[in-house]
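Presented sequentially are two complexes of subunit A, the first with subunit B as partner and the second with subunit C.
Take a look at the complex of A and B:
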């Protein structure tokens, strides 16, 4: 493991008592001068690290930047998601980066963040606004042994993980709008874009793209988006610490994915339904060229929405655009 | 259109009467010397072209090599498949090439051939033997507006096109073994590998990979494959002209795909069933870790196999390995 991960983990574990430079050097098997060099590097990165003759090194404050080694240091042990984390200052889209990794045969669980995306993607080929430092724009590579039809289940469990992470880290209570929006009232704070590479009967890889509007400033948004987009900081009334939220997000993703692989989809799907703002309401859905209207009744075993139409028939819908009627 | 396409088309149209160099030059808007240069180039490529002062140029024989311009020249008008054709002497896998084209935003209908593949792929990560000049190893890019679940239908119509092309070009009557093998008796002569890139509710692109053992020599096969693999030349008792078969294949693929997009899946699916050697027989299926046995009864609307198990239940199977019981 990279030296920075171990140093940051020790500093966080030490808290106000700090971590001794001599002990760090011994644990890492490097010289005290080498430890000092890494500390200097971390300071340049924005970490406020105090050095005292008695306490050793004390971490006073962390910058609001995403740093792969620090995210690994903050994370508890994970089963698969978060085994490896990479952060880019800027990419076209983190889904693009992960798709390349997938084709190169990288194992599942790697998480890629970008501080900003130049071609962030939403569903159905839409643009996803991803300004630098204002959100969490990330993608996860998974390789579940599933039929392509079961991929819908992954959207369900991802939405649960995103909602849980927001709740744990901020105390806010977001809703889930089917199929994959995280909302506050009628305004969207996060979206999930699932892309898959598959053969007929099995998935090769799944890319979970997550876009989370953390400290997005309403004033920076195009006029037409202000009524439909919100951010966690707007909801909380204060800025949100992104690295902390990123850590919570990875941890929750790892937890739900592990449960899912163990066969606990129904439990997660129940939680999804409790958090969902779509169920029980009349909705209008655009599925390709078709329009379906009815009352959203439930989620089925594969994560599809069951809609009771006006004629009393139950329609099963896998994707599309939902308009919630008031 | 490339000059070679127009020259070869004129030579083929002229037959034994040939095509006049002067007329060709006029039609192409180039000098007679330029036409002569292209003819020389085609000769180097293996085309036996006779030049006579009276008849002009006469095409006496074509080489058994795949030449993109010649395939375009041989093809009649197409709706989508075969609008563009590229031939590589060697690639890792033609599916890889088409996947790159797909990501670059190339329109549907392009067909990529390789004389040999160094990493030819079969289903479920298996190797597909693709020795130089002995088969047709090709991939087609499609972008149908379909849900990922409907991709199975494309395997069905592709198998029909491959069977039709073989029949038209060789007179042989191949069978179809579910889900996607072209067989003679118990031995396989062609396989189809469908790969897809998708979002949850719609396909981004489909890659139809087709491997056709045309003039594969049994002696060149590994011992363990000789009982399960055959080739068209072995079945016909004579070598098969590959460019002619390639042309027939593209034409049939374009025809079935056009019919499919027009909503005629059921008609194609009926033809599939007539050609199928799996239906009506007892089969054992390996689907991942699961084994399902029963009598293959029919194909459903999405191209899945309906299996009547021993307990009388109808099981729906999307993929897997089929063992036909004797």
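Take a look at the complex of A and C:
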């Protein structure tokens, strides 16, 4: 494992008592000078590391930047998601990066973050605003042994993981708008888009694309988005530490995915239903040029929305845009 | 209840492996059609018995040859992914329930128009279900002869999306 991962893990484990440079050098099998070099490098990255003659190195503060080795150090052991993490300063879309990794045959569980995306993707060619350092823009590569039709279940469990991570790290209570928008009231704080590579009878890979508005300020948003978009910092009334949230997100994704593969989908979908804010509301569904108004009545076993139309018919909805009426 | 509904539920009566086993049996016994109906579901499988596969795996229409050909020569390839339209064209089918999109975005040009040549890896459309975007590939070389499904409308599991003339 990378030296920085081990150093940061030892510093975090040591807390205020610190980690001895001599011990670190011994554990890593390098010289004390080499450890000191890495510490200097971490300081340049923004880590506040104090060197004391008695305690050794003490980590006083971490910068609000995404650093792959630090995320691995914070995570500890995972079963699948978060086995490998890569962080880019800027990319078109983290889904593009992961798609290439998928084509290159990389194993499942790798997570790619970008501090900013120039072409963050939404549904059907829409863009996802991803300004530098203000959110978590990331993608995860999965290779579940499932039929393509079952990929919709991943939509459900991903939404649960994102909601749980926000709750764990910030104490906020987000809702889920069908099928997987993370919302506070009627405003969206996170979006999830899955891209599937599949044969007729099996999935080759799935890319979970997650965009989390963490420290976006409403003033930085284009006018037309201010009523429909919010951020965690706006909801919490204070800035949110992104590396901590990223760690919680990966841990929750790893947990729900492991549970899902073990056959616990229904338990996770029950939680999703409890968090769903769409049910009972009057909604308008837009699919292509078709518009259907009705009441969101229930979710079926696979998470499809059952819409009671104005004509009293029950329609099973798996796609399109659902707009909540005020 | 749709085919896809029982296909992925754990307590389903039939799973994909069993369907494959049925297809294998159909091949072995030269059956053209198979139908099974139970309380909760119905399945109907059809094999293009009028076609045989050449050694290279490409489909050739030759009813006379089929009629007298030894069983072992008949349809060695899988019956599932593409099925024959009446005129010998193959079909590209939907692997999932969802919404059929011919273009990556509403303003963009369609992935595949009638008359264009496509390869196995050419993306021909997107099927979306619950924010899962599935880019469907042609899976074979050929010319698109018809767009069967309607843009932005729901499609079922196994529903034909395009007809394609193999080349």
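In the analysis below, the second predicted complex is superposed on the first by the 324 of 326 C-alpha atoms of A that agree within 3 Å, B and C clash if a C-alpha of one lies under 4 Å from a C-alpha of the other, contacts with A are read in each partner's own complex, and residues count from 1 in each chain.
Keep in mind that, in the parts below, a contact is a pair of C-beta atoms (placed from the backbone, for glycine too) under 8 Å apart; a residue touches a chain by one contact, two chains touch by 3 or more.
Given the structure is predicted, the values throughout are model-derived calculations rather than measurements.
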item: Fit or clash between subunit C and subunit B when superposed on subunit A; value: clash
item: Contacts of A:61 with subunit B and subunit C, given as first, second, both or neither; value: neither
item: Subunit B versus subunit C as contact partner of A:107, first or second or both or neither; value: neither
item: Subunit B versus subunit C as contact partner of A:126, first or second or both or neither; value: second
item: Contacts of A:51 with subunit B and subunit C, given as first, second, both or neither; value: neither
item: Residue contacts with subunit A in the superposition, subunit B compared against subunit C; value: C
item: Which of subunit B and subunit C A:145 touches, first, second, both or neither; value: first
item: Subunit B versus subunit C as contact partner of A:89, first or second or both or neither; value: neither
item: First (subunit B), second (subunit C), both or neither touched by A:195; value: both
item: First, second, both or neither for A:287, with subunit B first and subunit C second; value: both
item: First (subunit B), second (subunit C), both or neither touched by A:318; value: both
item: When the two complexes are fitted on chain A, the stretch of subunit B hitting subunit C, from 19-27, 217-225 or 289-297; value: 289-297
item: Shared subunit A contacts, counted only where both subunit B and subunit C touch the same residue; value: 123-124, 147-149, 151-152, 155, 179-180, 193-201, 287-288, 318-320
item: Residues of subunit C touching subunit A in the complex; value: 4-5, 7-10, 16, 80-81, 93, 95-99, 101, 104-108, 128-135, 139, 151-154, 157
item: Residue ranges of subunit A in contact with subunit C within the complex; value: 123-126, 146-156, 179-180, 192-201, 206, 263, 287-290, 301-304, 318-320
item: Subunit A-touching residues of subunit B, taken from the complex the two chains share; value: 123-124, 145, 147-149, 151-152, 155, 179-180, 193-202, 204, 287-288, 318-320
